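Look at the two complexes coming up: chain A is in both, with chain B in one and chain C in the other.
Now for the complex of A and B:
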């Protein structure tokens, strides 16, 4: 293996032929472990943590009451009404599923592409993925109205010979999302086993010893353990890679298989996937910028990691911009008056404000990332990322609502208005998401310690000389 | 494997001219003979129309290899890739093939400007004035604007690929790492221009053959195909170069493995894009969209469609999955040749049904055009690259590439 010495200092600069350090400061294997375990083992938690958790839990409780109100009253409490029967619930569903794409992309696809920098962020991103999928799964579940029949979504043999419509992409969604959730969960958990064993070994209380002991499945750290682990990781990565694409592809089919202008276009599958990765990375960055400060992980989740994420956002945001442009071009080129109307209506109809919010947030705001200062200044990055998340929510709103509110028959046109319950449930879903994420930060290893050590210079505990092996 | 800090010695493998000598001229003569034979057959069998379509088909096929190569170079620089340095020069040389292709596009433009509607139905004056759809599109689909666009595409492709080759060649002498940084800096903007040019080129040269049909994904489709064609070609070139000792053994199983993985991955990507387009049009079943597929599902074309599903996707998906296949020189070579043929069939399926909805009957005209355009492409790639070494000998990332190994 070739060894390449490391650029000291700013790790966002890289001289060709040398690779920048992924862990900065004078960290050793031991200090990485100490830092990552700190929040989980700290006897005194920073008050900020409780403030954040408190706010999140309050919104979670509000979400819970909204759901009870919805179930006892009926779906009429939402703004869904003719002609817009797919309102915010589906918008929120697609939004959250999209967010849930970054984690598995980082852990599977970036792994296959040997992007070693992913080791600093993959654990938190995977956790975020799972929590986002939980939020996403919530909306179709309660959207069906009679939630006690939710199991009918699955093709269960029954005496009435009643089956779901196999030709509907909505059913494919059930399979796609549940498969994705299962594999992501497995991937996350399996990757965590060596770190859970570290928690177990460092545990001081009996309860922690037992809980982390059970979770770490008897991990000893032997060569055989590692060999099996690495093989399983590679296999899961290969299996998860098509899943990253399939989920949002099938979500895009929900729209694109129809004949509705604005929905039926062939670029939807790759465009949705790019948009999902885009929004997922924006959410990861939004969470990690404060989390790395709160948990004291600035030397492990470095500016270089954040900069790389910004570059991915710039790339995927530009792909999304390309898709918007192609849709417009082909709507004109195809010469179909209904298709043309759908797009003119989006940009200049009653929902013009939503459309231009979407374009400015999704296409224009990531262009700031061409500038290095914007990519390496955390607070600025968070602002852009929040804009991106707003833009991606609006994208789904624009797609869903504009096409439905004005279809082929002008006499049936309408204007969608959300109710207070719609708004509260959207914010409430963020409460659920942040509650889960904050609990994760407190209870589980936020950074994949074992993987980070694999990209640190060898013998970090002994040698002060920095030598780094670029291929692990 | 080298050990810490010790650079792996690498001998200068010499320039392309020292290595392959007369290949360029040989390819040019073969190409000329190929085109001549195809032309003669077309004239004697009074099949001029078929010749033009075949010419366009093989033109798009050969061009896709160079465009795939250009994309490869840009993305390697953008991502600061280390593994690929040993094969990057080969890709840079392949992009030189765009120059003769630009010349070979002149006859198409010439015919178009002279009012020929054989290839492009929208150039039929009468139809363009009466058919409401064509009237609508005339602002975009007209010979003048079409020519301007083609000039812009070729100008960008040639300038961009020359810039990357020349800068990299300059580094062979100076070894200046700043040049790598400069190439990296330009790669992002170049990629955007590349995306736009390949998209509109495929709209113009492939989609507009049926001026009534449209699909937003057509650019991505051709892009996917171009990548498969390029990685297949790269694997083939590496095989021959290695068997002739041209690369001094710098390219080994590890690099083959990565080329194989990318070939496999982009082939799956192609299938994904092709499936997305088909499923959405099949499902919605709107006549103006399905008519394009209908033409490819009757009169023998259904067989070609099946060949693509099974041969372009299912068989290589299962066959290339194994690690051994990608690392073994002969096996990878065979799969690369196979997939290159599949890419050719794919473009055949995209372009030729527009002329002969009768039956798919590849014949000597197709072969002649393939040899002809392919020959000129090889001529350009070799002749214009003669003075350059086949390896980027002073690239700062060369050591990383030499020492690279898969886990």
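Now for the complex of A and C:
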């Protein structure tokens, strides 16, 4: 391998023979560390941070009161009613689980494919994954009605000699999501250990030294530490990779394995996975565009990173659009009148507004990313990403509610209406999500500093005695 | 360089963490033990009744059939606690003319005073229910005793009990064990109230024979019992 020559200018340009810089500006290893640690060490936090945290915490408190009201009153406070027994709670669950997929994709699959640009965004994306899974896990837990029996979700020996239905994807889901949460958490935490050690070493107060000292598990940065760390990271990446595909596949089985027209389709697993990655990247971009400004990380999370995410959104969004079209094609081509009715009803029935919101947000809006200006203009990107997130929420709403509201028996047809509690809990779950993310920005290393440094060119001006000597 | 390392005082905390985990394990073991303990399911419950009625004497020694008193058991969901009149069939006191009926046993016994009092006042004797299923569980005696499930399967050897006590857990697992595999508990229908009955040949054969002749396919749906 020859020495790498780096194109120093606009890092969204592809120059043959040169690699685009993944850290722009005249940054050194030291300045990267300084910038990443800034928000966590800053004595004066920008007021914007407190405004954002305040709003998030208020919604978190509203969510808490909604849950108390739900538990003391019963699931009747939701709009779930015959025939739509799976209302917003399940829609929100699938939405949040989907959001989480970007983190694992970035941390595991892009790592195995040696996509070095992931280093700038992987930490924040992994954190987002965990917080999204927290939000997702909330909804099935409270949806069961009698939360004190939530442990019945797990196959535990009991005096009733009863087990969950092992043939039901709802049980597979319990395993899929809990495995996903565990592996993501381990991956996130393990990857953070060298950076936590950096925090510890820079800490000035005794409390920070102790807290980060304990969290970094005695990391010394020795060659042995690094060797084991790299091995463990690779292993965890390999373990997490199948999860990117399996989790939302199994979530899609919740629908596809049942026999309801509109759910019982074989396209669901790949379509759900593509949609999950799509919505996950939209959420990562929505979070990182403001966060990179708030934390002063524009030179580490560069326009090139954002542009790459836009390209992934364009690809997955187009797959999702293809899947929508293919569902209709198969409904027509399959010749099943019930299936045909389900899809015509989706687009032109009582929920036409939800369907066309979904199509315009998910299929049309990502197509803007064919244009380079749209991919490289952060504020525009955020607008598109918010539309994508709205669209992906509506996708789950359309799938869940339109199919259920038209039961096999026309006598039991109904029209689902959410209640105020439904709405407040959805917004409240965003409060939970943003509260966790904002605390993460303040307390933990937002960028994987050690990994970013590995994709930076060595700076001969800083340490002239150490010359980069590639092995031939 | 010391601050680069794990603070040494964390290490003594490790036993505390281990202890915490140990307590957690103990807690869950305890919870499990509580769940399966007989007391939790009222096994061994033997309340004192207003009248010290002995099943060992009546059903055992005197060989009275269960259905003499619990006469609805073949036709209804509930096996009736007999009315006082049933007791009086044998234990009636003297009538107002000082005459006693043909069968009159212990007509002046103090222990039977509540029975005689009830016969005069018309108030029930407050009998305590021993085998009490939860209200959300539906159980039908007639569906079982007319299909070859003996009283003894759930109530034990009542014909040997001075005071009736609960022998089986009557938990959902207890019901399901038999519903999933009924043959070991089946016997010819006319032997259902013979608590001392032993299979003359292999129980498997008899059970299979009864199951085949009565077409016994026990239900395991939730709504079978939780209606």
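Note that in this section the second predicted complex is superposed on the first by the 459 of 472 C-alpha atoms of A that agree within 3 Å, B and C clash if a C-alpha of one lies under 4 Å from a C-alpha of the other, contacts with A are read in each partner's own complex, and residues count from 1 in each chain.
The rule is simple: a contact is a pair of C-beta atoms (placed from the backbone, for glycine too) under 8 Å apart; a residue touches a chain by one contact, two chains touch by 3 or more.
Keep in mind it's a predicted model, so treat the numbers as computed, not measured.
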- Query: For the overlay on chain A, clash or fit between chain B and chain C?
  - Reply: fit
- Message: After the superposition on A, what does A:201 contact: first (chain B), second (chain C), both or neither?
- Response: second
- Message: A:456 in the overlay: touching chain B, chain C, both, or neither? Say first, second, both or neither.
- Response: neither
- After lining up the shared chain so the two structures overlap, which partner does A:404 touch, if you call chain B first and chain C second: first, second, both or neither? neither
- Message: According to the stated criteria, A:244 is in contact with first (chain B), second (chain C), both, or neither; which is it?
- Response: neither
- Message: Which partner chains sit in contact with A:53 here, chain B, chain C, both or neither? Use first/second/both/neither.
- Response: neither
- Determine, under the contact definition given at the top, whether A:432 touches first (chain B), second (chain C), both, or neither. neither
- From the overlay on chain A, compute the angle at chain A's CA centre subtended by chain B and chain C, rounding to the nearest 10 degrees. 100
- Query: Does the superposition put A:209 against chain B (first), chain C (second), both, or neither?
  - Reply: second
- Check the contacts made with chain A and report whether chain B or chain C touches more of its residues. B
- Message: Looking at A:385, would you say it contacts chain B, chain C, both, or neither? Reply first, second, both or neither.
- Response: neither
- If you've got the overlay open, could you tell me the nearest Cα approach between chain B and chain C in whole angstrom? 20
- Which chain A residues contact chain B in one complex and chain C in the other? none
- Query: Touching chain A in the complex: which residues of chain C?
  - Reply: 3-7, 10, 35-36, 41, 169, 171-173, 176-177
- Contact footprint of chain C on chain A as seen in their complex: 158-162, 197, 200-201, 209-210, 213-214, 217-218, 220
- Footprint of chain A on chain B - complex, ascending: 1-5, 7-8, 80, 82-83, 132-133, 136-137, 140, 177, 180-181, 184, 188, 192, 195, 199, 203, 214-217, 219-220, 261, 268, 272-273, 276-277, 279-281, 283-284, 286, 288, 395-397, 399-400, 402-405, 407
- Message: List the residues on chain A that touch chain B in their complex, please.
- Response: 1-5, 14-17, 19, 112, 114, 230, 234, 242, 245, 249, 253, 256-259, 264-270, 318, 322-323, 326-327, 329-330, 333-336, 370, 467, 470-472
